[in-house]
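Have a look at these structures, which come just after this line.
Shared chain: chain A. Partners: chain B in the first complex, chain C in the second.
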Partner chain A sequence: MTSDVILLGHGSGGSLSHQLLDELIVPLLCDLAPGDQNDAAVLPPQNGRLAFTTDSYVVEPVIFPGGNIGDLAINGTVNDLAMAGARPLAISVGLILEEGLPVAELKTILGAMKEAAQKARVAIVTGDTKVVPRGKADKIFINTSGVGVIEHDLDIRGSGAQVGDKILINGTLGDHGMAVLARREGLALETDLCSDSASLNHLVDELISVCGADLHVLRDPTRGGVATTLKEIARQSQVEITLDELALPVRSEVSGVCSILGLDPLFVANEGKLLAIVAPQQAEAALAAMQMHREGSDAAIIGEVTAVADGKVRMRTSIGGVRSIEMLAGEQLPRIC
Partner chain B sequence: MTSDVILLGHGSGGSLSHQLLDELIVPLLCDLAPGDQNDAAVLPPQNGRLAFTTDSYVVEPVIFPGGNIGDLAINGTVNDLAMAGARPLAISVGLILEEGLPVAELKTILGAMKEAAQKARVAIVTGDTKVVPRGKADKIFINTSGVGVIEHDLDIRGSGAQVGDKILINGTLGDHGMAVLARREGLALETDLCSDSASLNHLVDELISVCGADLHVLRDPTRGGVATTLKEIARQSQVEITLDELALPVRSEVSGVCSILGLDPLFVANEGKLLAIVAPQQAEAALAAMQMHREGSDAAIIGEVTAVADGKVRMRTSIGGVRSIEMLAGEQLPRIC
Partner chain C sequence: MNYSREFRDPAVARKLLDSITEMVAGYRQSITLMEVCGTHTMAIYQHGLRNLLPVPIRLISGPGCPVCVTPIEYVDRAVALARRRNTVIATFGDMIRVPGSSSSLLREKADGADIRIVYSPLDAVALAASLPEKEVVFLGVGFETTTPTIAGAVLTAQRQGLKNFFVLTAHKTMPAPMAALVSDPDLQVDGYLCPAHVSAVIGAQGYELLVKKYHVPCVITGFEPLDVLQGVLMLVQQVVAREARLEIQYSRIVKPQGNLKAQQLIADVFTPCDARWRGIGEIPDSGLRLRDEFAPFDAALALPVPVEEPKEHKGCLCGEILKGKVTPRDCPLFKTVCSTENPVGACMVSSEGTCAAEYKYGV
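Our next item is the complex of A and B:
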């Protein structure tokens, strides 16, 4: 690279674009030979239904305790595929770069993408890079889309929750959102907070093999947190979900910062968590499988599906009452992912 | 919608996000029932190789003569799939919205996306919406990714050009880039210019059925124009390509504005054009097929593959000379797509 910052010409499609691609992006992300760069990547035929998903990432700051926008973008899309019960096959990377972005920062981010893709065992196969003038974006926005294959006959979806099912989560609530917020606001407590950004496809493989058709719903509680995600599922399945406040795993540093700022961890974004809704006879086995897994040591059963209803979520509180849980209203934490 | 502009809360993942999705985005783009909204779309099993591609769109202005960022985003990704010889199956839409974007403008753009998808006969199946604060993006950026299926055994790729092959284009050069530039700069000549934004998958179906294995390369000359795209192909195929300047179809209004501004239509972006490189015995049949098609009335044979070489493009000029063609250097027209 002859420049140490991104120039408008890097988005021209011409020789500077090719230099950026050939010298930086392609070697860092996917090692595709220049002769193999075509308008679309070609994947071999697959046996099974296909899953397809997309997410754009605009997190600020782009580097935060526990990760950066790069691994976040890979993990988020891998997880969306995994939540459909799919094995992630291929990821696309769409970069929107602000003129003036330091090349060193881009390298850090691309390096984190490659590492996250390797951990998840998914290939980055196609991409696109645009550059906008200074002040027309904020450093870097990343879109990742993903294709996966569903190699079983299970029907894992938001409308699958049934009365009696147990609600499981694979660990603590709110780590990602509070780590990003603390870094952005320069809070002194920041050192104790760390994003949970992680890919969950290997954990999902475990859950599928343990629970089979008793695994009814999988969803990752990102924006809006566990509360909003469960509200979505309750509506899709037309049920009432009841949470136990005392069962919710929350790190003390997260609950501490949340209470200082007047936030509720139940509404804070996670990036390495999944909610699994499973038939009661498999709940303990699913919990044990989670707890054996690297991404599930703090797993817990946090509630159950209590009735047929028009999409209700309520919580048995620590002082013995019951309160209704609604979706996140307004914007609690902008640009958390 | 209770607000007539986009608010930060529309990107929260919470109740405002759901309102935006349920009342505007989903009905306009895909009619998916709220109960069917999951982390990933599920597609039926496919017979054949898969094509997968992504593009982000940052064009400014977002509405221009002949189209807007919405149809551009659909057509661009449909075309990238078609250039691999694939039938487009499914498109994802990732929106990055700037706080304050008028909802009316978003409606216009989403409406154009739906219409373009219907014309191309491709389904919009999954999406994501983020909102960034005022001044951190420029109205709207769109990522579209696409999945297609390759239902034949042809190997259409940039490395397939062979000595003797003819180079075809389905119409005039530079219409899109000059239409966007003229609108952006408020040029008086603008009324005569119109983007060529169009989906080309149906035209590709025709070419495949006419040429079969004699169809060697397909590529859409977007950023960097015909010159840069042919240079890419010449490098991938390790050949020399020779163009005939007199054969290049260019509208008089495009060449007029180009000469006033010192631009060369050969380097200006197109959004409804494809370059087809075909064996000589099929060139006339391919040309006739193009000319019969709605997107090919100004089609022409513009050159040929003249030698084995290390990626050269040259042009026989109108005055009888030969000049070397290089890739676009620097940034000629920023944010044209």
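Our next item is the complex of A and C:
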């Protein structure tokens, strides 16, 4: 690369564009020989139903403790496929770069994408890059779409929760959201909060093999947190979900920062967590499988499906009270005092 | 000490609840206890405390959320300032969603106004220092818990010789509205759960009048669920014994004399004034304004802007709710027109407002 920052010309389609692609993006992301580059990737026929998903990433700051926008964009799409019970096959990457983005930063981000894709064992097969004038984007926006294959006949969906089912989560709540918030706002808090950004497809494989048809729902509680995701599931399945506050795994750093700012970890975003709703007879086996896995050492059973109802989520509080849980409205805003 | 465990112990909670139940057994009248602190409101809802208390005890929420009691004229002025050229509004998060007469700061932000959320008033001073070509207005809202930090920010700006840092003040002080509410003949308050952190600053003396003149039991109470239950027990003991004393449940933080340094800081920068409380009206000596020597920092004086005529939403019962006269579910707008997604009144906007708490946590 002749320039150490991204120039408008890098998106022009001309020689600067080719330099960016040939010297940086292609070698870092997919390593296709120039002779193999075409307008579309062609995938081999698959034995099973296909899952297809897309997501865009606009996080600020782009690099944060525990990850960056690059691994987030791969893990997020891999996880969306995994939540449908699909094995991720191929991912596309659309980059929108802001003029002036340091090439070194782009390299770090692309490197993280490649590493995340390797960990998830998914190929990046196609992509696109555009450059917009300074101020028209915030450093880098990434869109990823993914295709996966469902190689079993299980029906894992948000409407699958049944009365008696147990709710499991594979670890602590709110790590990603609080790590990003603390970095973004430059909060002078001495914490070592880290994002939990991780791909969960291998964990899902494990859960499918342990639970089979007793695995009813999988969902990753990203924006809006665990509370919002459970509310969605309760509505889709027309049930009442009851959480047990004492069972919720929350790091003390996260609950500490949340209580200072007046936020609730139940509503804070996660990027390496999944909620699994399983039949009661398989709950302990599923929990043990999660806890054996690298992405599930802090897994816990946090509640159960308690009744047929009009999409309710309630929580048994630590001192024995009950309160209802509603969806997050707008952004969670820090309180005054 | 792990607060989330020691102060949330279910076995201790059970014992306190049993003692409360025993205390009110055979008591014929209802016992209405009011808290006047948004953090108490949230703690009571978050832990589901209301439903655990025996029937005669009614917990009601008073005007304890600083965002909720800020008058609509203030929001309108903040909106007008946000529309001014070269002006940056720096604010704590809660304020940006509060609806004014025809707009809100959130709306103005979408239209291009420069509105920034800060976590400390000192961040707003730093912002002013880093943007010499702009005028930075900090929205000074809050009770005695936040006022000392804002006083510190004004002194810092003065020391740094900043000419582009301003505060739009709507500071409130605590015991005044509690006295106003007990003198309201339509309202029965049998005891006050007095605010925890406000009391850590002002100390206990401020509540003497309530106890002596109005014979209302007062207990300064902490925010953890066991604190609240113990505070309720202490109040109920007084009510049943027909006594009225000031007690400090939250003694691990609150000292009788308060925080003298913080009190001095407030007195150095602010002076008492009459203040308007949303829903309640004007209460003498219940607010704080900048002392005359700090007038150049006062946004209302230094940055005059035309402000629209205040217009409250018809049917919104925020005023009655702030007085504890009705509950959110009595309001015809609750969950119909007014929701946390589309708040009509201030009690729904702030995360510590009574309507928001009922909306989010009410069973």
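Assume the second predicted complex is superposed on the first by the 330 of 337 C-alpha atoms of A that agree within 3 Å, B and C clash if a C-alpha of one lies under 4 Å from a C-alpha of the other, contacts with A are read in each partner's own complex, and residues count from 1 in each chain.
What we mean here is this: a contact is a pair of C-beta atoms (placed from the backbone, for glycine too) under 8 Å apart; a residue touches a chain by one contact, two chains touch by 3 or more.
Values in this document were obtained by computation on a predicted structure and should not be read as measured data.
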item	value
First, second, both or neither for A:Glu326, with chain B first and chain C second	both
Touching partner for A:Val93 - first (chain B), second (chain C), both, neither	first
Touched partner set for A:Ser297, first chain B, second chain C, both or neither	neither
Which superposed partner A:Val132 touches (first chain B, second chain C, both, neither)	first
Which of chain B and chain C A:Gln118 touches, first, second, both or neither	neither
Touch count on chain A, higher of chain B and chain C	B
Which superposed partner A:Val42 touches (first chain B, second chain C, both, neither)	first
First (chain B), second (chain C), both or neither touched by A:Arg157	first
Residues of chain A contacting chain B in one complex and chain C in the other	326, 329-330, 332, 334-335
For the chain A and chain C complex, residues of the former touching the latter	185, 187, 252, 255, 261-262, 314-315, 317-326, 329-330, 332-337
Contact set on chain C toward chain A in their complex	2, 4, 8-10, 13-14, 38-39, 45-52, 66-67, 92-97, 117, 119, 141-143, 145-146, 197, 225-226, 229, 339-341, 350-352, 359-363
Touching residues on chain B, where the partner in the complex is chain A	7-9, 11-18, 34-58, 60, 79-81, 83-84, 86, 90, 92-96, 125-128, 130-133, 135-138, 141, 143, 145-148, 150, 157-159, 219-220, 222-224, 228, 232, 235-236, 267, 269, 326-332, 334-335
